[in-house]
């Protein structure tokens, strides 16, 4: 990739935590001696992201997604490795760098809860040195896009979670950052709010050409927004590429959905494939990928089939299997 | 620089909007602080009904000290007390991250984001007491006032540095709830001239832990108990305190970003 | 009862974790009597003849610090937090009494503090006795009477704190009340000013106000500063104040719970 916006090579992030034994005896013991052990949050990961890309980081809790984002934001000092964002070393926290990126964490707010969102915007304007007219234009545009113009002067603590997240986005974007890190942005939102958030992120990426990294454990977020995904688990990258190709790479099976004319003895379907679900005359059968056309033909030849489709397994299942180790 | 002045003004502006909501609180606060000042004056009265000087200070001198201390306290509470009290909570909840990604100096921002604008009103009782005590103390030149003001400003900086360093300890003690108690302890020792601690005590508390330079020495200079040259020591301690707080904070941040997840 | 004992042990554990905080809280409790001591010593050395001589001032204030730490309670903050955060309903639906639960927590802290602070104050007294002739003028009888008085003192402080906290049912911010109470307490309880130093009118008024019975009275009993009729009167007034604060606590609690349930939602 020529001149990637984000470049990470062999990043490692380890840290130590101590564990106390439970009970009163354990408390007294920990006064005198403490046992520490190492956690390898991120273990040798490398990737490059170019300008305008919208990349999804997916992984279970504790995978290392948030840790990676924090390293990219300069919040954490890497144990070792090469990290550059927009040409800067993030952990140096240079103002010139900080004015060009933004971090939004789904569970943490930057808005002052006891003031209207507008006040927090003004403070950010001063902090990021956004010129007056640029500030007005951007806030106007963003609040129109997010439909929150009328709640800007309401105290943040009186807003619903959805409204608060929208206001957080405006606060995070009013300095027109080139890079945006979104950490679990849809967490806790209802279905409608989630959709609105996803639409906004897509629109923002297309309109402003910002480079966006999104972490989430909601597949919905990733499916809708990201062409490219990076799958992380236990601090290592399991996959880095197009989302649609994940299924090809990791799923060893395909799904045949079949509806029969009349009830069938399941025993007879045993050599077609593994029956995953059946309801009356509707069956879901897992077959080895390469065999799918052959097995489907066999079904059509030997059974009274009304309808038959061959499908990819749902991405969620594939990913889950990937996290459980290895192929499906 | 101008950047930081703008941010400070914006913070004050925001803070005033915050307190306009709680008008009853502001009034209640003024009542409480006036009441407490009256009780302190009462206490001074009781002491001086039993004796006519305490560690070399006469009654009007002690009253002048109390008034100056009150002004100092109000300024402290106005500028940075509430903000610093929040620091252990930010660290505990991980909210510090939201400050660290911004291009503004974190120590500066975190120390001034919760200015208590209404404390300005609480300056009044202190000033009134100073005026009252002044009647028995004779004339003072404008240079005397300047020295006093300079001394109090240095005192505010010395206290800031020390208190901020205490708050910084929260990086190592994840559950650190007693910061405000530290303030109360310090307050107890500052509300009377450090001469009260006896000869050895006041040496320790003036030069080793520069509490004495916070309010006592500036007042002593004003009352001509100490030469004006001592103000240079005030400035020295202020600079030292500030410098140490910056160094310690940066060290703590480095530790925080290396050791956490 | 077993659940409160378990809670007591859990509190001990918590205190060990928060040991840094505990040290600072204890220092805070001891700060006022310490400052009082320094001020009165300075006043004494200014050549004036005080009703209490320097060595006796030291004894008094060391005892004041000890008692202040031992009877300390933060019930006002504790209850305020529960009500403010909306957690009060838990005490209506669970068989766990708010007062007993807090007593277990408070008690645990005080037990630990008493053990530590007794050693510390003893050491300070030994060190100071080299420069001053310190005498602890107690008799077996005064020691015997001191203990029940101390217990009552602790209970009075406990219930006053709970009452202050319970006002949170009606008032948005209890700071005004707690600050006013603390200020009056500082002036009239003997923490800062031994009651003999108060001007005549205030001194006799303090006999009837509750503040004396949150610190000064048990010390006066121990040091034989009151005798005969005065001591009897003092004990009666302390018992009356204990009853009054307990009754007020029950009233506020029941009324507050009733209002609380009235709101719902």
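First chain written, first letter: the chains are A, B and C, and each begins at residue 1.
In this section, a contact is a pair of C-beta atoms (placed from the backbone, for glycine too) under 8 Å apart; a residue touches a chain by one contact, two chains touch by 3 or more.
Predicted, not measured: the structure shown is a model, and the values here were computed from it.
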Contact-count maximum falls on chain pair B-C
Farthest-lying chain, centroid of Cα atoms versus that of chain B:
A
Expressed in whole Å, how far the mean CA point of chain A lies from that of chain B is 46
In whole angstrom, the CA-centroid distance of chain B from chain C equals 28
So what's the Cα centroid distance for chain A and chain C, whole Å?
55
Which residue numbers or ranges of chain C touch two or more of the other chains?
17
Interfacial residue positions of chain B with respect to chain A in the complex
3, 6-7, 10-11, 13-14, 17-18, 21, 94-95, 97-98, 100-104, 109, 254, 257-261
If you look only at chain C, which of its residues touch chain B in the complex?
17-18, 20-21, 24-25, 27-28, 31-32, 34-35, 38-48, 50-51, 172-173, 175-176, 179-180, 183-184, 186-187, 192-193, 197-199
In the complex with chain B, residue positions of chain A that touch it:
13, 15-16, 39, 41, 66-67, 70, 73-77, 91, 93, 95-96, 98-99, 101-103, 105, 108-110, 112, 114-115, 119, 122-124, 126-129
Complex contact set, residues of chain B against chain C
24-25, 28, 31-32, 35-36, 39, 42-43, 46-47, 49-56, 173, 175-178, 181-182, 184-185, 188-189, 191-192, 195-198, 201
